[in-house]
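Alright, structures below, take your time with them.
In what follows, chain A forms one complex with chain B and a second complex with chain C.
What follows is the complex of A and B.
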């Protein structure tokens, strides 16, 4: 099935997917590390490889406003950002999902200020997690390419019609070259039909989109958006099945499990650091430890049922958050609170311990994963939890 | 206690290339990309990347490009730097001064320098971490080719200017001559300037560091 394997960064892999998706309008504004996606797309447009309108926004708020309008006018639209660029555009996210416009935004994570650090941290994208967008993390350039195609298809499904954040860890995934099997245009055409907006903004058929409304119209509008998000679960599964048939890569839409059979302890995390966790777990297995990794692939919508059914099989779960959520319950991160919420009403007694790690884009080293495992192993042995969360490496 | 070699990767070779910002960051990247792509032709597991913190758009600051070549799947994938290089390359000779180019090198390491000067002369300027250095290789790459100055390919994007057109080609050839890390024919399949590479393969001077130390002792 390997047709066209090349080595490329996550940025280039995403740009290739955008080209294969035959996007109509792209709006860029530079910020590390996602910039590589836009420089690659700009080259493709300049070289005639991609026929798309390439617009330079005056900032991220402008970027999102441009693709908002483009999507409303019936275009398949693409944009992206990183770090404070993501948060600068905050106002525009809710209107886009509220108007049910399935445009896509790539986010290559970058730490928010202070200070000006361009290392990866999931905080930027996670700030926007509840805006009615689809959101998940790719752990490799291949997955970044596939996620772009999958998300357009899911988002544009008439049962869904929601925008998507296709996230990848900045630098680790966005800048380090990995092997990518680039699909053919024929495969992509079969998988991803042209975008059809049923309420096109058109001067020949005037209509108002995003008009002011009365307070009593609010509940119904929000409930519709809630139902749209709830509808995505089924579509995610259908589309991933079809993707597997056409491209030969079958992903579980929600979770990737690694060495979890008979495991008593698992790491639960998302994104690139799961790759390091898997390597550590492989060596720990060689030492006879019953340990595995569960990687969350989709954060929004959160796969509550799947996470509950999966994690309740284990005795101790170490939840590794790569974001800051100052003052959050248990002092860890949002992944821990989501995992705990998913597990709350089950009869099993699973212990969940939070770790905040890899902040500012620092690596989560193999030794740090080993130290986290030592804590989890001790809890499994004694049954005692002395501390609910740890900041790595200071509190290990 | 953690076993010391629990995460060791015995089949892994690390290549670190030092260059000067803007003028040579493409060439530094070309050296690792040409070697890793040639190694991939030989069925090896490879990884190429540039230092994320060096800011290669600042003129003449030292910048680094990295390569990994392994007979096994690479486990230390998401890292910032090569911690223990087997091969260190300087695209410009003055980097021997004031930059700790040999930090962390593995035993039996090789240093390749783009210079018309003799290895023994350049060796005098290297003040630290020479204990593990086995060979110094010099090649006058500027005499065989011209550095391609471009930001194409920066920030993880595709280098549309082609691989191995400038001084990266003769430098990679000198590395292959001194270390045999890939076959020379496979390197030639990847790079554009094959003629410069062939000449470099003939002209590269390889000096044994042990002999240099004896000479100057």
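What follows is the complex of A and C.
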């Protein structure tokens, strides 16, 4: 089934997907590391490979406003950012999902300030997690390409009509080359029909998108958006099945499991650090340890049922958060609190331990994963939890 | 009392209104009033297309652009956009009415 395998970075893979999706409007503003996507797209437009309107925003707030308008006018629109750029555009995220405009934003993670050191950290994208957007992490350039196509298709489904954050770890995915099977235009055309919304700005039929409402209309408007997010679960499953049939790559929409059969201990995490975790787990399996990795592929909507059914099979789950959530319940990160919430009211007793790791763009080293495993193994053996969460490496 | 969600238009999108909403008069929010210098005006009507509240009326054969002061909030975008400085913003306290 392999058609056209090339070596490329996550940024270039995403740009290729955007080109194959035949977007109409792109809006850019530079910030490392996502900006690699835009330089590749700018080249494609300049070289005549892609017929799209390429607009330079005056900042990220402007960027999101441009694609907001473009999507409302019926265009398939694309933008992106990293780090503080993502948070600078914060005001515009809720209107875009509230007005049900399924544009896409790529986020290649970068730490917020401080340390502002360009390094990857999921905090930027996770700040926006509850804005009614679809959100998930790719762990390889191939997955970054596929995610862009999948998300456009899911987001533009008439039952959904929601925008999407297609996230990838900065540098670890965005700037490291991987083998990417680039689909043909015919395959993509079959998978992704042209974008149609049921409200489009048109001078021949003037309407107001984002009108000011009376307070009595507020609850119902929010409930409509909630229902749209709830609809997404079913559409995710259908679209991933269809993607597998057309492209030959069958993803589980929610979770990727690695060596979890008969495992007692697993690492639960999302994004590219799962690659390191898998290497460590493979080695530990050779030493006879019953350990595996569960990688979350979709964060919003959060697959509560699937996470519960999966994690309750194990005895101890080490949840690795690659973000800062100062003062959060249990002292670790949002992935821990969501995993615990999914497991709560469940008969099985699963111990969940949080680790905050890989901050500021630092690697989560193999050695750190071994140390985390030692803690989890002790808990599995003694049944005693001394600490609910650890900051890596200082508290290991 | 909350309105049933099925009765709310999809994503709150509504047809553009054809008449003024008497229940939401915003002209009294204004602290500065736009005043046109018709001598300077070059009739490009950028002010008309820029007004976020549709408070600039298109020019006609007999009249230059006019402002709908019943709803104009005095944001001043029209003056900002005017390429020849034909619109000035005058404090409301300078007017008697």
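Basically, the second predicted complex is superposed on the first by the 396 of 396 C-alpha atoms of A that agree within 3 Å, B and C clash if a C-alpha of one lies under 4 Å from a C-alpha of the other, contacts with A are read in each partner's own complex, and residues count from 1 in each chain.
By our rule, a residue touches a chain if its C-beta (ideal position, glycine included) is under 8 Å from a C-beta of that chain, and two chains touch if they have at least 3 such contacts.
Please read all numbers here as calculations on a predicted model, not as lab measurements.
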{"item": "Joint occupancy of chain A by chain B and chain C, clash or fit", "value": "fit"}
{"item": "Touched partner set for A:367, first chain B, second chain C, both or neither", "value": "first"}
{"item": "First (chain B), second (chain C), both or neither touched by A:208", "value": "second"}
{"item": "First (chain B), second (chain C), both or neither touched by A:250", "value": "neither"}
{"item": "Which superposed partner A:279 touches (first chain B, second chain C, both, neither)", "value": "first"}
{"item": "Chain A residues touched by each partner, larger count belonging to chain B or chain C", "value": "B"}
{"item": "Superposed arrangement (fit on chain A Cα atoms) - minimum chain B/chain C Cα distance in Å", "value": "38"}
{"item": "Footprint of chain B on chain A - complex, ascending", "value": "7-12, 15, 32-33, 35-36, 39-40, 43, 47, 118-119, 169, 171-172, 174-178, 272-273, 275-276, 279-280, 283, 287, 363, 366-367, 370"}
{"item": "Chain B to chain A touching residues, read off their complex", "value": "2-3, 6-7, 36-37, 40, 46-50, 52, 75-80, 152, 154-158, 160"}
{"item": "For the chain C and chain A complex, residues of the former touching the latter", "value": "1-8, 10-17"}
{"item": "Chain A to chain C touching residues, read off their complex", "value": "98-100, 161, 198-199, 205-211, 213, 216-221, 223-224, 227"}
